[in-house]
Amino acid sequence: MKKSVLFFVFVVFAMVLASCNGAAPAGGEPEVCASDEFGCAKIPAGQTVKIGMGAPLTGDYASFGVDISQGAAVAVKDAGTVEGFAFELVAQDTQGAPEGGAAVANKLATDPTVVAIAGHIFSGSTEAAIPVYDKAGIPMMSPSATNPPLTTLGSKVFNRVAFTDAVQGKFAADYLYSKLGFRKIAVLHDGGAYGQGLADVVRDEFTKLGGEVVGYEAVTPGETDYTATLSALAASSPEAVYFGGYVAEGVVLTNNMKQSGLENAVFFGCDGTFGTEFVEKTGANGEGAYAASLIPPESAEKAKFDADYLAAYGVGAGTLSPYTWSGYDSAAVLMAKVKEVAVLGSDGTLYVPRGALVAAVRGTQGFSSITGDITCDAVGECNTAGPTFYIVKGGDWAQAEQ
Amino acid sequence: MKTVLEARQVSKIFGGLVAVNKVDLVVPEGAIASIIGPNGAGKTTLFNCISGFYTPELGDVLFNGRKIQGMLTDKVAAMGIARTYQNIRLFKNMSAVENVMVGFEPHLKHGWMKAMLKTPDYQKEQKHIINEASRLLHYVGLAGLGDNLALNLPYGAQRRLEIARALANQPKLLLLDEPTAGMNPQETDAMKDFIRHIRDDLEITIILIEHDMRVVMNISDQISVLDYGQKIAEGNPKEIQANPRVIEAYLGPGAAALSEKYRREKTHDA
Amino acid sequence: MMLEVENLNVHYGAIHALKGISFHLEEGEIVALIGANGAGKSTTLNTISRLNKPTTGDIRYKGESIVETPPQDIVTRGIVQVPEGRRIFPKMSVVENLEMGAYIYSDRQRIEADIEMVFGKFPRLQERRKQLGGTLSGGEQQMLAIARGLMARPQLLLLDEPSMGLAPIIVEQIFDIIREINQQGTSILLVEQNAQMALSIADRGYVFETGKIVLEGDAGDLLEDPMVKEAYLGGG
Amino acid sequence: MEALRKKFSLTLPQNSIRIIRIIAALLLLALIIVRAMDVAAKSQFGADTWLRLSVSGLIIGGMYALIAIGYTLVYGILFMINFAHGEVMMIGTFGGYFVFEAFNAIQVSGADGSQLSFLNAYPVIAILLAFLAGMTIAALSGLFLEKIAYRPLRGAPRLVPLISAIGASIFLQNAGQLLFGPQRRQYINPVVLDRGIGWNLEVAGSTVVLTYTGIFSLILSAILMVGLYLLVQRTKLGRAMRAVAQDKKTAALMGINVDQIISRTFVISGALAGAAGVMWGIHNGLFNYFVGFLPGIKAFTAAVLGGIGNIPGAMLGGMFLGIVESVGPAVLGIDFQLKDVLAFTILILVLIFRPSGILGEALTEEKV
Amino acid sequence: MNKQSIQKSAASGLVFGIIVIFFALIGFTVVFSGLIQKALGQSLGVGQIPSISSFLIFLGLLGIWNGWRASRQDKHETLSVKKVLGRSAIAGLVAGVLVMVYALIVGALNNSGINLRTYLSQLSSESVRFFLFNQTIVVGGLIHVFYSTLMAVIGGFLAVASERSRERVKSTRESIQKWSQDRWLGKLQGNPYVSYVLMGVVLLLLVLLPRTWGAYWNYVMGTVGIYVLLGLGLNIIVGLSGQLVLGYVAFFAIGAYTFALTTSPEPHNLVWNFWIALGVAVLAAALSGILIGLPIMRLRGDYLAIVTLGFGEIIRILLRSDILKDFTMGPRGVRNIAGPTLFGRSFTTDVDFMYLIILAVLLSIFLARRWQESSIGRAWLAISQDETVAQATGVDTQKYKLLALSLGAAFAGLGGALFASRNQFTGPEDHALMVSINVLVLVIVGGMGSIPGVVLGAFALKGLPEILRELESYRLLVFGALLVVMMIIRPEGLWPARRPKLEVPVEQDHEPVPLPATAGGEK
């Protein structure tokens, strides 16, 4: 009996505590808020304008989340202020899973000072989050969610700077067939939504072009020895191995190819395997490997960012994941758009009309940043230009013949 | 007299070691039959063959004329063979009365659906077994201790609770494995009387493994002696006590004589 | 004075298992602790071996307190317990079991000699020296347990229920051996339920009841004591 | 008391279950053989591929075996699954890594007067020290793990230490991430152990490379396993460990310091996991704080497969699992993606027919 | 002061020194100081290093604890100021010197321009300077020694003070307890209506709260609710019937996927009614429980654990595999999963869904209690405590174990279906091994076999990490540590199960008492 009393008290207490999340109403709203579809985000004086991000900060894919959020944090530093209000990046941990994505989305959507989301990272987590932001009217700009159907869900708020797997896969298949003249390739992926999506497109497109896909396999991410899988592929002697997945597995595959009878096949990666980490960790084995990227070779912006990033975090941009620059860009676009639509109210509160922001982000045209000009189309694909292909030459990435 | 249990040429082998070697055993209805023998002679293994823990490699075990070897122990229990254990094995974290209630399990009619719906006949049955379990506790002398966890009961009470649980099976044959182990002479005497009482009162046939010769010789109708897995003698207490093979292999000169010997030595030393 | 136990109290959680017991043992004696199951006899032995920690009270061995001594050092000092239920290592051979008994020593030659010595005492064990402990019969296991205890060269041997579960004829052999060990100079503290046997070979005895010593005295006197007779010797 | 009887019983008698089981096993075996013969008939893979697959399986199997021994040792003595054992291996991997990094940074002049890193000038010393460091630090972490997370739980119900171990595993993983960062690092091997080079064998018209790192790992794990076996069987410490595993109370009565022996068991199992970790790094190169998770689960599986608590069983289980993972999918002609499915299926089948693993003692009813 | 006492104090100092160094290495010093600063109401920008004063508070707390621990070496002795002074000073000094040595090394390396972050990712130049209080390394190190000693001594004094007032605290507590017992608690406890009133209040809150506390808490509490469902199911399997199942997620996945595939337009375009699909999902999970259970009935303990873990992994790998891609959508997962509808109206807002989950939880608690308290629950418990004996006592163990598996699986199926429906998406990564482990942990943390324990455990396990979100990337570290600590201080769980009182008195004239009701001593 005594225990059950305690129990009820606990339940009640927990719930009451949880419900203490009221927001105070404010006066002095500008007119635009009343007419806006989603109303305004109100940021009281002294607070910051928050850019949210759902990213895997712990768990197996933590390096992606940490890296992209750090890239975005640099953007926040660079962005300056809007009407005297500072920006703040709120990166929440999704562990890369859909469940975490939905939790974070709900958490961020409840915070009235979160105006936009530079994310999420990974398609599953993003997909779970989109309905939540759709309801709340918070625009998203994902640096790395590349699964093609995400933009076909009819969401108003979802946009991405990453190009879709469909676009990249088509270009890659074409490059393999026409440019490099391969007729027999093997296709590998890491069993994830991103990798498998790419691999499927490449397989289908390559076959369509008249080539032969002699092997199609998946590897288990996180392992460090794929010689068995590769040895089996080697039996059908492909000229190239296309891999859809991330750099960690890409490195292992490239290294293992030399011991598995695939020493003469070319490793052809994707934007997930691009980055300095690949070159560093494959060494001589990586020579001649291909990858795709949305990053233009060199630019003043990129050089500045790389320096800033190195200074702030002690590791080079692109070492933790290939999406550092996208992380910067997605946050930068969003903050630029916030600056466009935000209105300072008469009461000193900053008002950000949410509907207008959603429209402004979708309407981005020619925003110039590290990854080039960002122009969003009607469904939110903000990078429809094809990828740039790179090849490892002399221990560094060099632009391949286009 | 009707035979309740019959073992024919039962053998049990553990990886080369013949633990029970072609043992025959016939127990008539209403008897108290004891199995004695040195440690490791195969007594408990024979018990395990009867109660279904082991399937004998050779031979048959018949209960009321039906072959029971190879049957799962719960089916054996449902047929009417209940047992206790040498080292007490109760459901330690359940209350005493619940331990007994588990014993009614083979005779319950109502399943999980009725339990979920709490149908009247389910409730009636539950009420009935609670009452019966309390009555059984009372019967073995544990009245009022039913809500204690089994592990909190004193040693002697645990032995009795084990018997109560076995009786809840409503057995026709009760196998008791060293029921007086670890008891002092008073308790042993009480247990001896109780065993006889169960037999007379509930008309249950009893097979007993026991080391205490005072108990065995006092209450047994029939004694079988095992040594190295083989039955070396069988008969009533008098015959057994006089059997030279038994004395040589098992009984020895007897405790009183031994005690006398040591005392003589002691006085001699002194 | 070999062993003095003074006002020993032991608790298991909420249970007060030993309620201030005191007794002693002179060098060369056999002292029997008798009483019903659960009276606290085994607890006493385990507390001397320091498997339990007493709440209060003192245990002195050759005049020195050993209450704070860790169990392995108790063995080193010469107090060796042969536990209840034999508890030999079932997956070790007879010889390995004996070697475990001599764990505290590292002088190989002496250990070999000791093994031969106990084999002399227990010829049955020598026959089965390669056999795994778990496959021995009950009587053989008890012999092995005692032999293993001897391997530690005890000055004080604590025997916990050596007759338990053994055939009467084996019990006789075991008690013969106990006597022999004692005559060769080892003091013995004997815990037994078989009060008659225990008191027969003991010099003195203590009677335990629910954690207390209710009676003590010369073994012969106890055997004749009407209360003991009634409670532990079964009247007749 | 009325006797109420159950009228129906769906359960089959024991004998028929046994027969069904045997028939099922035979059918399954036949299926596997037919399938394998089918694959072989198509001769998709040449002898070179088979050799590559088996070597890769043996190497990984050796590492699994080393880690599995750690699970088995601890299980044998405390009857608990040391869920954090994979993390102990991770710590070992880092230990070896830092030694290589440090030696790589030190420059010495070589025999011909050229500047060399210490790592390449004295590779044997560097490798020895890397293993020493990896094993020591892993052993220490095993020791602390036992002291902090398990010792206070001696005597608690069986699942409690398991949860504590899970907690410790989560803690160590995240501590690893926070300390060393989430990025993958790469072992800088001495040139003699370059991951790309090895003996070249000509098999069926193509070259099969037996990498030095792989052969080195395989030999080293074999040596360590033999060493451990001798330790457990022949030495006093080994005897004490077995005694404690069989009966703690009696072991204490023999004058064995039980706590100390348990600690040492954790030290030994930690050291083996540490060695496996360093090997992992040397052979596979890449690792981060998460490196212990998958091998941990696999090795646990291997330990159970061989019969948990049984040291030769752990070795056998580890090797077996490694081989199944790399050769199995090829034999059956299924996707390599499903190699874990295959591994677990085999585990399940083995346990259905031998409920206590390949070498585990037959699970007879405990003496009743 | 004797040698032993000095040793113990030094050991305490050593431990705390190591803790401080560890905190510094993982960057916890910075983060926790930041939290303190925020708790004190001062703002702190992202990436900004907190103030030195908050760091001092953080160090101070650790130092005081160190001194406290070092002082109280033996439960039974009474402390004196003299004793305490020596002990705590030694402990503080040892810890301080250790930290100083660390600070000197790190500081010197940092000053020499080596980028420590290459190897230790949290040791940025700022954080090292912060650790040295923005002083030079020598001064910073000395401050550490001095401060650590000072705080430890304070901790020692606090220990004395608390001991001296312990008696008073105890008597006050007792009198308050007595008073409340006499005055109202006692009366309330006797009152049968109290529980009804409380029940009413809880129900009222359950009705009101989802409306008021917003989408985020609806989401978090919804997850907690789903984990309560999972916990109830696993509690039947592990807590009651004693089968250690580590692959519980398999049933969760089967429920979720069955529901998803039958309601989603892709890939099969079976857009079934929500409720039918829900029922099918539950049935499918229950059936899978039986199918998985049948071949492994003979396995026990850890063998069962690993086999079921294998089942879980097999299911997950198959779900994401290429061969089943056309059937399950592979790694991409199933999207556009239906929400609940009733009479043609759809109820998909977070509030509606919260109500649905609350209903499901209440229903499940009700059912689980029914089973647990029935003869079925008794049979399960008997099996969990001694399977061999239970069977020999006539319990059909195979039947009951299968029943437990399938009922437990049914709860998981329900949870999975609700989970998929709420997220409108489910993918293979939702069904990883960690789910099984989390559910097992919540069952044991709550208290095995206890239904309120499951509820508490779910709050602790799924609620706590959300609350710990403030700790950012440290939350799982803290969570892991809490799990260990919890098991050490409360191994029986937060709310251990109790056995019901059942025995009914028997009329004395019924049977003679054949045995004297004596008890042969105690254990």
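The letters A, B, C, D and E name the chains in turn, as written, and every chain counts its residues from 1.
What we mean here is this: a contact is a pair of C-beta atoms (placed from the backbone, for glycine too) under 8 Å apart; a residue touches a chain by one contact, two chains touch by 3 or more.
Note that the structure is predicted; figures quoted are calculated from it, not measured.
At the centre of the protein atoms shown, by the Cα-centroid criterion, sits E.
Each chain's centre was taken as the mean of its CA atoms, and the one lying most distant from chain B is A.
The chain pair with the larger count of C-beta pairs in contact, out of C-D and B-C, is B-C. One finds 46 Å separating the Cα centroids of chain B and chain D. One finds 32 Å separating the Cα centroids of chain A and chain E.
Touching two or more other chains at once are residues 58, 62, 66, 191, 218, 315 of chain A. In chain B, the residues touching two or more other chains are 53, 72, 78, 85, 89, 106-108, 154-156, 182-184, 187. Multi-chain contact residues of chain C (touching two or more other chains) are listed as 35-38.
Contact residues on chain E toward chain B in their complex (touch as defined above): 367, 370-371, 374-376, 378-379, 381-382, 385-386, 388-398, 403, 407, 499-506, 510-511, 513-523.
Chain D meets chain E in the complex at residues 9-11, 75, 81, 98, 101, 148-149, 152-153, 156-164, 166-175, 177-183, 297, 300-301, 304, 308, 335, 337-338, 340-341, 344-345, 347-348, 351-352, 355-357, 363, 365-366, 368. By the touch criterion given at the top, residues 236, 239-240, 242-243, 246-247, 249-258 of chain D touch chain C in their complex. The residues of chain B lying in touch with chain E in their complex are 51-53, 72-74, 76-78, 82-83, 85, 89-99, 101-103, 105-108, 110-112, 115-116, 118, 122, 126, 129-131, 133-135, 137-144, 146-147, 149, 153-157, 160, 165-166, 169, 182-184, 187, 190-191, 193-194, 197. For chain D in complex with chain A, the residues that touch the partner chain are 44-46, 48-49, 52-53, 56-57, 59-60, 174, 177, 181-184, 186, 195-196, 198, 206-209, 211, 280, 283-288, 290-291, 293-294, 325-327, 329-330, 335-337, 339-340.
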